[in-house]
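Each of the two complexes below includes chain A, the first together with chain B, the second together with chain C.
Presenting the complex of A and B:
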């Protein structure tokens, strides 16, 4: 009898866990779809400006996502994503200056150029780790900042470079009027998020996370640490490059700051603040920090100071980022609810004087 | 109005704001434009081109701005210039925006610049310098884009006047030790020195020039405008020669009225702006402020001429700006103003002058009609 009970309980527990896990996935999927639907539909109903602001947030959230994948999952702190982003944007501008206006060619060339640049960072990921890797990406980005000045006639120098071709280069979608371009951005962002989520939940993604946490052990288990690092760097490079391509289309103008360290550091901040371990973290970090900067910039000349204070507070109080913090808060609330329910049940048992030996169990505390 | 208040553009941003406020107050006091008052919405791009583009878009699409003005750095104003046709909104650059490309290469139907820049001033001052002092010149310049374009402008200017730059000394940006560069200047083998440094580098270079008595041995050309020094020229700039559409101690009655109105307006501005410009007793508009003032006055004139009532009248406003002519008077106190209808680059009466203590002695007056054109861009 006793053996029979012992054999049944784990089976029921596993079934409960699977059901809860399935429910959570369904709930998460439904929430993601609802969020995407809201992102697509709601801003479009609020005139011209809101979709354009959100477009900007989406563009800057993609390089932040790229940083999140490299730093959060592969545990490589790369401050060179800005170089990939800027190089792709410059590729669009330079090509249009030379008469290349086919949007598909521009997209392919821009993303290709970004992947080539990220190939450089992939080499660093193979030959260096930790501080050495960080410094290599930092110095490379500083060098990239000088490229427009070095090739002034070609890249416009300090004055920046215009993207020719009007709406022809953006598939006929005008970034400044209508919602078409905004929806294109929503689509691209959703594509990268979905693909990243799929990859992270696949075996490949789990191996990458394992390599990030303990490369020696992963290597001992037979996984190619170098191969995975190169893979994640190139993949995140493609994401950052697509953002550069979209930036060039949206603003029709590129300038040297796009290649520099400030943007790169911002991407790191966006992902850290939003939550580097989550797909949506960098997106929320980018939108939140950019909005905060814009809002404070309208009310004070010292906006950077207040943004800095806000960052310090978030980093101190929410070390896992905003999404990590929200999740932790949720867990705490859930635990607190369970504890209260436990207390109520214990009190009820005392009141009803339950016979000794009876146990009332529920949830995960069985 | 895109008025930068970042540290590197603080003086330009402050002059832009004071002079815009002054010009708008004067236009509104005179009844506004076609019975409507002008209203300025300020935004600070913080010396970032992408911020300038975003804010320009925001001002038009969210705040309903009819015209965009400002953006100090070249990359900012070139970015906003590119935005203007996409928004189908008139854009006037104002203080700053020294890039010749604005009207020489990437001009467009919607963008205008009222005040002369780059070679428009350099060619005249180079011509004067060669004819007055001699053919062989040395130049010190900041070794980045702005300085390099100044170098090219002076090269072309000296060559056109029959002179040449025989000694070229690039100085890295933000160089704290100017001595190795300044002591390279061969005072015995050149007839003068062009000082194309800007900002804090200019202050350091000028002090080193004074320290080695180079300003006593050679005429120095390039630096002008006491608004860049808190309203007071440092002694190291004494006898320097420059070109400007505005003189801080001009005795013409329009300028005198403008300077008084500037000081009155400054007293109404926030303390941070007053401090940036050197305080109410020392601050002057200088050419940086005058560009801001004359740009808004020119816009007001064009709006009146075109009977502008809002963005629906943009085409009429463009036509009025293209053919803009303003004689010296309250709206253009420094001198005449002429807009070139093909590239949308303005020309203003300019003065080659020498700094003499705190005075500015006029050496030559260049009428607006004789200010050279730059490039051959056709604004369509």
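Presenting the complex of A and C:
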């Protein structure tokens, strides 16, 4: 009898945990859907300005998400995502200059070109880790920056390159009038976020998390660390490439800075500030830092100084990013609430002199 | 033929100053595993120090000495204060912190000195003939000064007590601490020497480039390339590669497009780094 009860207890505990986890997932899903609905509906109701501004945030949040996935789940800091982003944008511009105006062909070619570039980073992920990987990606994006200058006739050199074809190349959606293009951006961003969330919660994603935490142990357990790293690099390359494609459509113009180091470093900053361990972290980091830069640029000539200070605040006070910091604060508050409740109960027991065998367990349940 | 000699000499001048910046970067990397994004800004502050001192009517060389000491000590101690608490954290946080320092220093320089470019007169104005070209003596002086400083640094690391301690701390700081090496003082020395070397380069190159707040950005990437190609943390390697890079870029640009030379250099360094990554990385070497 006793053995039966003992056997039942863990099963009930497990089902409780599963129920709580399912509830949390449902709550998270509902919150994500509500957030997406707000993103789609609310800005569009405020005229043309807000959707256009948010369009830029969404475009730049995608490469940040790409960096976040590599940094958070393969523990590789890639400062070369700008090369993937810019190369895809240039692909759109070059193809339209040569008369290719089919939006589907442009989308496929642009994302394909980005994946080819990220193949280079995948090779680096196989041969190097840590600082060496970071330096290899830094050198690569610096080399890509020189390409438009080298092929001036083809890529426009310092003058940049126009995207021909007006709204035909963007499925008939004009980025400057109406909300159609903004909704396309919302759709693409939601698609990548949902796919990333699905992949990270799958078995494959859990292996990635394990590799990120301890690659030696994951390798000893029989997982192909290199294979998974190549996979996440190519996947994040596709995300960055789609951002390059959207950038070219939204701005109808590309220039050499898109490929360079400053943009790449910005993507790393967005993801680290938001929090690389969460899908929403890089998105929030991109939106927050870009808004901060724009706001400070309008109100003060000291924007660089304040951005530097903000970076130092994140480095010292929020090393896991803003979302990581909020989550840690939440956990601390919850723990302190439980400890207070514990103290109250203990004090109550002392007053009423409860027998030791009838202690009520409260809080810190696992 | 004259053009080739002049291009080679120009490359030597650029390489020599790059060697100074990169040597400081290599030192910091070797001792602390820090890739300092603010190194170029110490280069810029060294150049501003010379411009300021010249504005006060004092000698160029006094400006150089004051600049090196001020930027070395203040910059080094600032780095020490800001980066010391992060020494056990990830590389990404260290990079972010040095990037933040770089942004702040650039903005402060713009506020104090303005965004415009400031010319600095060379202390030596003579020229020597190279074929049909009159080559500025000061350019050669820059090469000679850099050679002396780098040789001094090499001998310091090899034979001086603190130089040996620096190498010991870079190899194994725990063991060095147990053997009585003052580890904190050695770290501080590495920060001060790293910043000071960048300031020397900035001061020496000020008459060639003129001075502006983003001056350091231009040299930072080249310094990174040099440190990577020379072997991360390798003082002598960084100096040799800097000279080679300066000469190759300058000579190469006389035959093919400058961008093609850069892409070629980046490609070579990438291959070199991949080979090195396969063999593992060492600490500070001289």
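The rule we apply is simple: the second predicted complex is superposed on the first by the 344 of 366 C-alpha atoms of A that agree within 3 Å, B and C clash if a C-alpha of one lies under 4 Å from a C-alpha of the other, contacts with A are read in each partner's own complex, and residues count from 1 in each chain.
We take it that a residue touches a chain if its C-beta (ideal position, glycine included) is under 8 Å from a C-beta of that chain, and two chains touch if they have at least 3 such contacts.
As the structure is a computational prediction, the values presented were derived from the model and not from experiment.
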Contacts of A:319 with chain B and chain C, given as first, second, both or neither: second
Chain C versus chain B, contacts on chain A by residue: C
Which of chain B and chain C A:176 touches, first, second, both or neither: first
Contacts of A:149 with chain B and chain C, given as first, second, both or neither: both
Chain B versus chain C as contact partner of A:309, first or second or both or neither: second
First (chain B), second (chain C), both or neither touched by A:77: second
Partner chain in contact with A:135 - chain B first, chain C second, else both or neither: second
Contacts of A:269 with chain B and chain C, given as first, second, both or neither: second
Touched partner set for A:288, first chain B, second chain C, both or neither: neither
Common ground on chain A, meaning residues reached by chain C in one complex and by chain B in the other: 149
Residue ranges of chain A in contact with chain B within the complex: 47-49, 52-53, 56, 149, 152, 157-160, 162-163, 166, 174, 176, 251-253, 255-258, 294, 297-298, 301, 303
Interfacial residue positions of chain A with respect to chain C in the complex: 71, 77, 124, 127-132, 134-136, 138-140, 142-143, 146-147, 149-150, 261, 265, 268-269, 272, 302, 304-305, 307-309, 311-312, 314-316, 319
Partner chain A, residues of chain B touching it in the complex: 5, 43-44, 46, 48-51, 53-54, 57-58, 61-62, 74-75, 78-79, 82-83, 86-87, 99, 101, 106, 144-146, 148, 272
Complex contact set, residues of chain C against chain A: 33, 35, 82, 85-86, 89, 91-93, 95-97, 99-104, 106-108, 110-111, 221, 224-225, 228, 232, 257, 259-260, 262-263, 266-267, 269-270, 273-274, 276-278, 281
